[in-house]
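The structure is given below, and queries will be raised subsequently.
Chain IDs A, B, C and D follow the sequence of writing; residue 1 opens each chain.
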């Protein structure tokens, strides 16, 4: 029914005692996610959320005691890259980083280190992932989507919610929604997720939500053309964004003539992808 | 955040890159004093954070302290591309034999820094990249290993730098990369790096852009922010933690989330109007932040109508509605507004807005259609 | 007839214009090695050895022009790690570093970097390699050995010559002799070379020459026990070396009770390896 | 190369590790002055590059400047394990609540630095490793990434350090690692790192060993070499680029190559005698270097016979023979010698030696057998 996360996901929350950490942990648990532990250095031994979740000082210790296999990171930007490295070194194979605003130099080092290890990082600056009816890791609202056969992959947050909601209004459900994040340096690309959807028996069609900046969508188009047999529908945000200006996301910027929405749309269309003009149109193409 | 030429060059110098003797002056008199200290001809350079200073007359070569004073007076009275010149750099003049380009930035596709060199220095490198891409050499730098000597040497060989300059060039490249990393820069460039008449290498002009996300660990550099870099509106937006970009259209936009904000702009455009701004209020904004955001939009004289698009998650629609109402109370604006609120507490939010006669919409396209119609209408009045 | 190097090896010499570089290049060419280029920054365009070998400023350029596939490094210790990285980045798959005295911190970085790349480094502080009758890369005297079916792998230099010579006096020949070097941090281990000899059709027996320091021989013993079917004969130098003293090689030191010759000998013997008392005895075990 | 305690602690301090107030003194009078400046009780510590100073009486706690002077006078007159005490460190006294061990060294099997911590500080860490291995925690450090905060935190958690000290401990660990890397050290250790009565962390004792191969880029540190660290013979060997280690036996050895030198020692041992030294003349040694090497061997009063084993490659046997003959001429030594020369120019070398009545051998075992016999013979005389 899903990729990456499911009913067997045993999650730890790094930065669980922060305002965001505790709020979203509570939401994830309500959704049915198995949150087995939290990590906040200096607060090991405490319990949060009415004594339901133990807090540890280190990821290593949290895994040792709870057998966690996935981590979601809510720690502040200045500590976030250390948190990712800690999760990698502790042997977690899936790490989801929600934190926005991590210095690019830190992320380049993390990415270089990740290349040598066996861990997968989603994000940073990601809303996380949702496998409807199974598991929610991150901050995507649970009630705006339902189980189904559409795989969604996106660089954005609320724009993704908009799409999920539009699908739900038409009774279209989702296998897994993956937010790969809006930063220029990230752990997991469109291509990685497209490849997973392609082999997932429960995903029949794929929605790709891109935006200006970088060449991720162009690379995805090439990959789709060569490797993806399932139908792909896309929306690209930022057709009206001016060059040289960062549009909210650290990665959403047209620089040196690269990263234009028009180039991305053209690339995707020539790869056989249906690119819609309004995000709400996506549902029409999925019926 | 951008650094001025003189700040950039001082940073380069600290990392071992040779720069001309010189200092910055706030007044024409100071410029004269510096020119006298330096002796001989000097160059007076406007310190503003835009390109094209030379063409605008912001760079002048003079021969005496008196001429320096006069040139500085003129330049300090200028505006270049709308920015007032508040400082001039007074540098000794170097005899230029040839001009090289040397810069380092982040290559996002390769996920690492890239150093770029060209024998065609002194002009805009993007121009060179367009017209003579073969004259540009790039090397990728492993972010963990840093720039290696052999890489810098490869650049020197590739731009056909005379062998006698290799050692200095390698040291300068390593110094520039050091300046780039220790400052958490996203761009550090020397343009031109010149070979002087007496066969030295000298960084004649310098430019640095810093990673705003890393300023927390660069307190000294953060203090150097030139307020002129941003418009007053952008500055105010930053103060409230809002992500705001001024555009040329007439439809003000307030949205939560960067992707959704861009999509909203695009949909407005599809309906035949142009957005007046990009504005992301972020996640979980309260009434106060919403009010500040709306404030910014309404201050823009071009705005003929406002579209508010909120997909509530952490952001609560009732809070957004309260922020809107507070602004309306204060402003008594007659700019028409269309709000589309969906998600957390949407019923309460929409009820509050309806009571205050704000037009509501049920979807993004619905909102866009309505706001564009209102703008057309308001223009006809 | 050999592993790693053979008649098809196209060699570049980094540091060719130095005293050692030029001397040994001449010897390698006399032996029949195809030395296609040298690299010395600042001397590109020159020709050395009576105009036989062109010199380039960078490895990149040397490969581009000559199609070299292997490099041997003679540059001074302070520049050696940069030279290795240059060879790796230029895409060479086999790099032999003769240089001794490289700072350990530099080599740790190189080694970490190598782990991410596809290149094999032999050494540093290695006498190089010799495939008798085919190719010589490094400084092992060519005339002291002859072609044959014995694979030799060693941490040492002249001690290896002693063994090769003793074998030759008994008319025993060698497939390839690999000097893995006497430094504590190195590119290629006993295990790597043992594995290559095991699958080499022209190697029938293996000679391993170890010494005090580290646990390379113990690891080799374990590997031999699990993976090597060919007979292995070993000599371990340093039975009389006192603890805490560095015996010439940077890696030859007994520290914290680890690295003793007696432990290595015991480990090898229990893995079925014949460990000889005098290096000259090795020949007796090979007949 | 080892650094003295006071030098190590100053380096640590530069990297942000807190150390006691104090200074080094060359005379008892100076020690008194420092004690007066510090006020209160002080500890006087012999600065010698061997362990066991405390047991040898090289560390004294005193309460007045006068006592400090007297203690310093006594300690400055001592020899500890054969090394003269030339300096004392005068440190303020800290009230010790508990003692921690914190060190960083290179783990050769893991091919990276390793940081080691233990709640059992103040005693020899190798002793703790032997008797209570469970009380030692290790973390491996990626040489490209460096020490990460979470790793230092892991150490703090693992040695059950009270939470209130974590922040300081992490900073100290990062500082220690920085001192380790910027100095190209192979060991940097704080033992003990104490928790004081007023709840501070303080590096009470420090030790650093530097990578000799990296001293070329550490000129300031290289100058700090304490000549007493080496015996005069070892010093002389280093000057000639010879690798020499003094041993307890009676057979002097001169060999080219470290592995062959060890093997030669082993073979001597197999024949029932003990080597007097390890000596590798390296590759391509000329007559002068050979002479210097033989000189060193013959100066050792324990030497009863000398074995020379040369496998000529770059090293030419005739050069070696000339070096031997030059030494014999000068020394007129009656110590018997056996030389085994093989390889490049072996015939000429052996001929030269035979003419000078030096005994030659055809193989390593032959040489060892002969030299041991000669030593026994010389002892009988």
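Quick notes on this one:
We take it that contacts are C-beta pairs under 8 Å (C-beta built on N, C-alpha and C of every residue); 3 or more make two chains touch, one makes a residue touch a chain.
Treat the numbers as computed from the prediction; the structure is a model and nothing was measured.
With B-C and C-D as the two chain pairs, more C-beta contacts join C-D.
Using the mean of the Cα atoms as each chain's centre, the chain most removed from chain A is D. In this assembly, the C-alpha centroid of chain B lies 54 Å from the C-alpha centroid of chain C.
Note: centroid distance chain A to chain C, computed from Cα atoms, is 48 Å. If you average the CA atoms of chain C and of chain D, the two centres end up 28 Å from each other. We define each chain's centre as the mean of its Cα atoms; on that basis chain B and chain D are separated by 55 Å. Among the residues of chain B, those in touch with two or more other chains are 142, 144-145. Annotation for chain C: residues 109, 113 touch two or more other chains.
Listing the residues of chain A that touch chain D in their complex gives 41-42, 44, 57-61, 79, 82-83, 85-86, 89, 109, 113.
Of all residues in chain D, those touching chain B in their complex are 144-145. Those residues of chain D lying in contact with chain C across their complex are 106, 108-109, 111-113, 126, 129, 142-144, 181, 184, 186, 211, 213-214, 216-217, 243, 245, 247, 255-263, 265-270, 274-275, 278, 280, 283, 311, 313-314, 342-344, 363-365.
For chain B in complex with chain C, the touching residues are 142, 145, 148-151, 153-154, 157, 163, 166. Of all residues in chain A, those touching chain C in their complex are 115-116.
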